[in-house]
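Look for subunit A in each of the two complexes below; its partner is subunit B in the first and subunit C in the second.
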Partner chain A sequence: MPVKCSSSCGKNAILKRPKTGDALCKDCFFWAFETEVHNTIVSGHLFKKGDTVAVAASGGKDSTVLAYVLKVLNERHDYGLNLVLLSIDEGITGYRDDSLETVKQNRDDYQMPLKILSYEELFGWTMDAIVGQVGRKNNCTFCGVFRRQALDRGATLLGVNCVATGHNADDLAETVLMNILRGDIARLQRCTSIITASESEGSIPRVKPLKYTYEKEIVMYAYFKRLVYFSTECVFAPNAYRGHARAFLKDLEKIRPSVIMDIIHSGESLQVKDDVKLPVRTQCTRCGSVSSQELCKACVLLEGLNRGLPKLGIGKTSLANRAREQQDAQKTRIVNCDF
Partner chain B sequence: MCSRNDEEDGSQSLMEGKTKLTWTEVCQKCSTEKPVIQILQIKHAYCRNCFLAHVNHKFRSTLGKSKMMKPSDVVLAAFSGSGKSNAMLHLLHAGLSEQSHKRFLFKVQVLYIDEGAILGTSLEDRTANLQAISGIIEQYGFKSYYTTLASIFEETGSKCFPLVKDSTLKIKENSEEELKNLFLNVKSLTAREDLLRQLRRKIFLQSAKELDCCKVFTANTSTDLAIHILTDVSLGRGSQMHHDVSFCDPRDASVKIIRPLLELSSKEVTYYSVFHELESIYIPSLCTKASSDSSIHNMSKQFVMELMENFPSTVSTVFRTGEKLGSTNTTNTCETEDNLCIICQMKLDVSVAACSSVQATDFSRLISSLGPAGFDNKTLSQLPDTSKGILSNQADSLLCSSSTSCCSDSDVQCGCHKDVQRLSFPDVEKLCCYGCRLIIHDMENTSSLPESILHKVRTRRSLENMRESIQDFLL
Partner chain C sequence: MSQQQGLEITLEFGGGAELLFGNLKKHQVTLPACEGKWTIRSLLTWMKDNLLKERPELFIQGETVRPGILVLVNDADWELLGQLDYEIEAKDNILFISTLHGG
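On to the complex of A and B.
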């Protein structure tokens, strides 16, 4: 016997919500999904009327659904937002070039302007070239660091008020676990906040409207709405350690589906002892972006690439400094020989 | 975007992978003997004697640097029969028989909790276990007691009994029955284990009070606590886990629970037992023989163990992370009783902030049941402002409908049985912290909870009602 929709609308249910276990029909699910994102946006005070918001779009399911839902809600609830798509082209052949096609499709479907920034024009290096230098190990560090910077620069270029990213509840829960496993107290404390980095002026805040949305529901929404998205793993080796945390979370979710929200609750209510020293956030002396060190990670990595010492930003700082000094010394020696 | 590592600055510092095994020719401590064990994230090879001295020293320094032990203290050491708790007794015994200037001055008593009822173990087996336990404790000459998990259901009378060579297990049939019912009532193994942990803590406190002890020692190692941290986070107990994993659990005003083995890893403690040829008694518990995907506790344990294979620093990193967490106000005891969870005595962490995980889940439940027809934008715009949470609102409405007959609301002492049945889920849930709510969620009815807990619910409810009725006149 078919199950009835739990909202008593009379229709037969077609899915069971992973978050609450309720059975819903298609229309009620669409409505519930959208209303929940709306609730997050309203209660978290994510946007102000008249804001220009850049949707960080990769062509994947999260950002595709995010762009679609924001467009729908913007019209339905009259947020008065000006939405634009912002994509970063890392220069990964066989992965990003294909996914960018999806983003272009989104641009046409949703009638939003699209800006694509590439690593090549920003940093002078494509990911393909970087992997050629550093090999398959550690290349995710470069990609992640550069993307953060690229998004910031892109946002500044477009003059937007904030950047909306497609992080979902699963991503957040996973990050909480990761930060515990790595012992990263500072990030553990701030990783669950819905708006990041707004305190220091000059940096553009990032918001996560899908923070409380299960990954499974995002897939369901995209599936029933027939939204096209790009779902291929990056061609470069996936990160093993985060993979552990992800697998652990998936196993936990099978035991108790509410575990994702439970972990986020834990993350939100964690408190750090007063006497624990946390890194002070300042600005990079070279490029001015937020950093806890004198030089931000992006500048160090880029310097390493340009010097031909790609490992510069990966190991310990002391080792990096030694390598830097050695190379400088060598250069002076060569210069001395010339004369 | 690739969400693999777009952290704050996108960088990521991973844990150190396994380094090469560093067996040296001689012990790195004394440089004479042949090493037998690698410790400290398998970077150091120690010989037998140096290793035992290291464990003993760690144990003593953990107690010493806490500056909490006083000569007049009577310590209740929890003994389960496991190798770990036997090692703890051995270490305590060693400390008590030291030369005068190094001797521990506090007194030690030992407590064994019989949990056979929840597994349906036969009375003969349970008595046999009890006697084997007493055999081990006898070697050390500690004064020992036993109690049963079912004693949590007993209202009066002594609950701890002296444990001597041929004592027999005294059980009370009806409280055993109530305990079994309670555990049958809880549907998932995860919730059952969590409940067992909370009940065990209650038994520790209750027994320590009966036996006039001010401290309880439990044999949790750093490995256990790392697993505990991951379990607690997954159970939504993030705000309280520093009590569960630190040296001292100060939640109770008069009895502190202390974990003197927390600086030692399970490996170190196990080898300590092996080298001293300490006996252990195998008593199965709830999760014994259950597969790793049967409960969150088992899953976390397996996860940590697997990670340790390749990343030997996992336990110490997680454990140190736990150490840095804590509440901003260190004294929890000054909290009034009204703000504490009725099950685990933690500050209620469920005041619903406008934009939080609790609110989002409540909201999902609400709109999944209302549907587009029963809901308009007005309801939504009011929601964040009321910031009271749907759960508690529902609770209020249920309360109103059910509190009209029989026992008057202000009658605290009324033991009327109808009242017990009338405690609805929202009534109980309202007084629980997030983590304990999840246990209640997995229960079929609330009436099988121990009377001491139900009594608290009723008292708090009537107090609430009284406050409401005089609200207008309160200044």
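On to the complex of A and C.
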């Protein structure tokens, strides 16, 4: 016996909403999904009329749905946005080259211009080459740090007003949990905000229109809209730490379905006392991007790769400095011998 | 009520779940005749023994699917249909989508 749609439209329900438990038919689900994203955009003041917005597009489910729904809402509600796709090619054979094909499909389907920037052209290293240097243990650190900076540089290059990312509610709850477990107060404060980095800080703001959207609904939306996305896992070791946080949350959800929203809410409500010392955000002296250290993480990692000391950016700063000094001292010695 | 003949159904996989099933998105299968009715619960056990090619823990945990795998029966969320207790009928289309891969 099919269950009827909760909105008494008379049609059969196709989905039980994780947030509310409502049973909805396909059309009522599409409407609810899109309206909630619209409400998030409006109440968070994510965009201004005339903005050029880069959608950070990976070819995966989140960014594919984000690009599609932004196009729909831009037309429906006359946001007046100029939407473009920005993709980062990490240089991972058999993974990114395939997913970029999906992004190109998005470009054609949604009629949005696409810019692809590669790690190779930005940093001189592909992820394949980085993994060759550092092995498969810490490569996610490199990938994550470089992607963040690559998006910033791509956004600057395109001259956009902001970058929209596909982070969903599940991702965010995971991040809150991970930052709590790591004791990373600074990130904990930043990670739930719907807009990060104001223009006054010199970098282009990031917005998360899917911040309150559940992963289940994103996947169901993509399925029922027949959106094509890329779903192969990265060929390199997946982020194990996030995997644990995710598994833990999924277990909690079975006992308490509202846990995702509850954790996001907790993250938003946490306030750090005024007298707690937080890292001051300044600019990297080498590349100018936002950083709490003299050198940003991307520059330290890059220096490590170029010096053949790939661990440089992974351990403590003090250890990195010592490794750097040792190598410099060695070089001086070699130079001295030449005389 | 027992089913004399086998039960013909279609199993589909998406979102990366197909990788655990020989990278094949669609399987036509016949469930053997059995005492009582086939349910998703018994289907999962059957799939584990007969269809799952690798790393079963990525698909099944305990008696149910791994959290993060969505199940649709004839294009409807199994959470509307009694989940594990849903009684399978001939010609049913059961789809498993992984939400766990890629952003």
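Keep this in mind: the second predicted complex is superposed on the first by the 336 of 339 C-alpha atoms of A that agree within 3 Å, B and C clash if a C-alpha of one lies under 4 Å from a C-alpha of the other, contacts with A are read in each partner's own complex, and residues count from 1 in each chain.
What we mean here is this: a contact is a pair of C-beta atoms (placed from the backbone, for glycine too) under 8 Å apart; a residue touches a chain by one contact, two chains touch by 3 or more.
Because the structure is predicted, anything quoted here is derived from the model rather than measured.
*Asks:* For A:D171 in the superposed arrangement: first (subunit B), second (subunit C), both or neither?
*Replies:* both
*Asks:* Between subunit B and subunit C, pick out the one touching the greater number of residues of subunit A.
*Replies:* Looking at subunit A, the partner in contact with more of its residues is B.
*Asks:* Touching A:G60 in the superposition: subunit B (first), subunit C (second), both, neither?
*Replies:* It touches subunit B and subunit C both.
*Asks:* Scan A:V69 for contacts with subunit B and subunit C and give back first, second, both or neither.
*Replies:* After superposing on A, A:V69 lies clear of both subunit B and subunit C.
*Asks:* Going by the contact rule set out at the top, does A:I14 touch subunit B (first), subunit C (second), both, or neither?
*Replies:* second
*Asks:* A:V207 contacts which: subunit B (first), subunit C (second), both, neither?
*Replies:* The answer is neither, since A:V207 touches no partner chain.
*Asks:* For A:F248, decide between first (touching subunit B), second (touching subunit C), both and neither.
*Replies:* first
*Asks:* Considering only the touch criterion stated at the top, classify A:N39 as touching first (subunit B), second (subunit C), both, or neither.
*Replies:* first
*Asks:* Would you check which partner chain A:Y229 touches, where first means subunit B only, second means subunit C only, and both and neither mean what they say?
*Replies:* Second partner only.
*Asks:* Output check: A:P2 vs subunit B and subunit C. Expected answer is one of first, second, both, neither. What do you get?
*Replies:* second
*Asks:* Output the subunit A positions appearing in both contact lists, the one against subunit B and the one against subunit C.
*Replies:* Shared contact residues on subunit A (touching subunit B in one complex, subunit C in the other): 58, 60, 62-63, 166-167, 171, 234, 251, 254.
*Asks:* Show me the residue ranges of subunit A that touch subunit C in the complex, using the header's touch definition.
*Replies:* Result: residues 2-3, 12-16, 23, 58-63, 99, 166-167, 171, 215-216, 218-220, 223-224, 229-234, 246-247, 250-251, 253-254 of subunit A touch subunit C.
*Asks:* Which of the residues in subunit A end up touching subunit B in this complex?
*Replies:* 5-9, 17, 19-20, 22, 24, 27-28, 31-32, 35-36, 38-40, 42-45, 56, 58, 60, 62-63, 77, 88, 90, 140-141, 143-149, 151, 165-167, 171, 175-177, 180-185, 187-188, 190-191, 194, 196-197, 211-212, 234, 238-239, 241-242, 244, 248, 251-252, 254-256, 258-259, 261-274, 276, 290-292, 296-298, 313
*Asks:* Residues of subunit B touching subunit A in their complex?
*Replies:* That would be residues 1-15, 188, 190, 229-230, 232-239, 241-242, 293-296, 299, 303, 307, 314, 317-318, 320-321, 324-328, 349, 354-361, 363-365, 367-375, 377, 380-381, 383-384, 434, 438 of subunit B.
*Asks:* Which positions of subunit C touch subunit A when the two form their complex?
*Replies:* 14-16, 19, 67-68, 70, 72, 75-77, 79-81, 97-103
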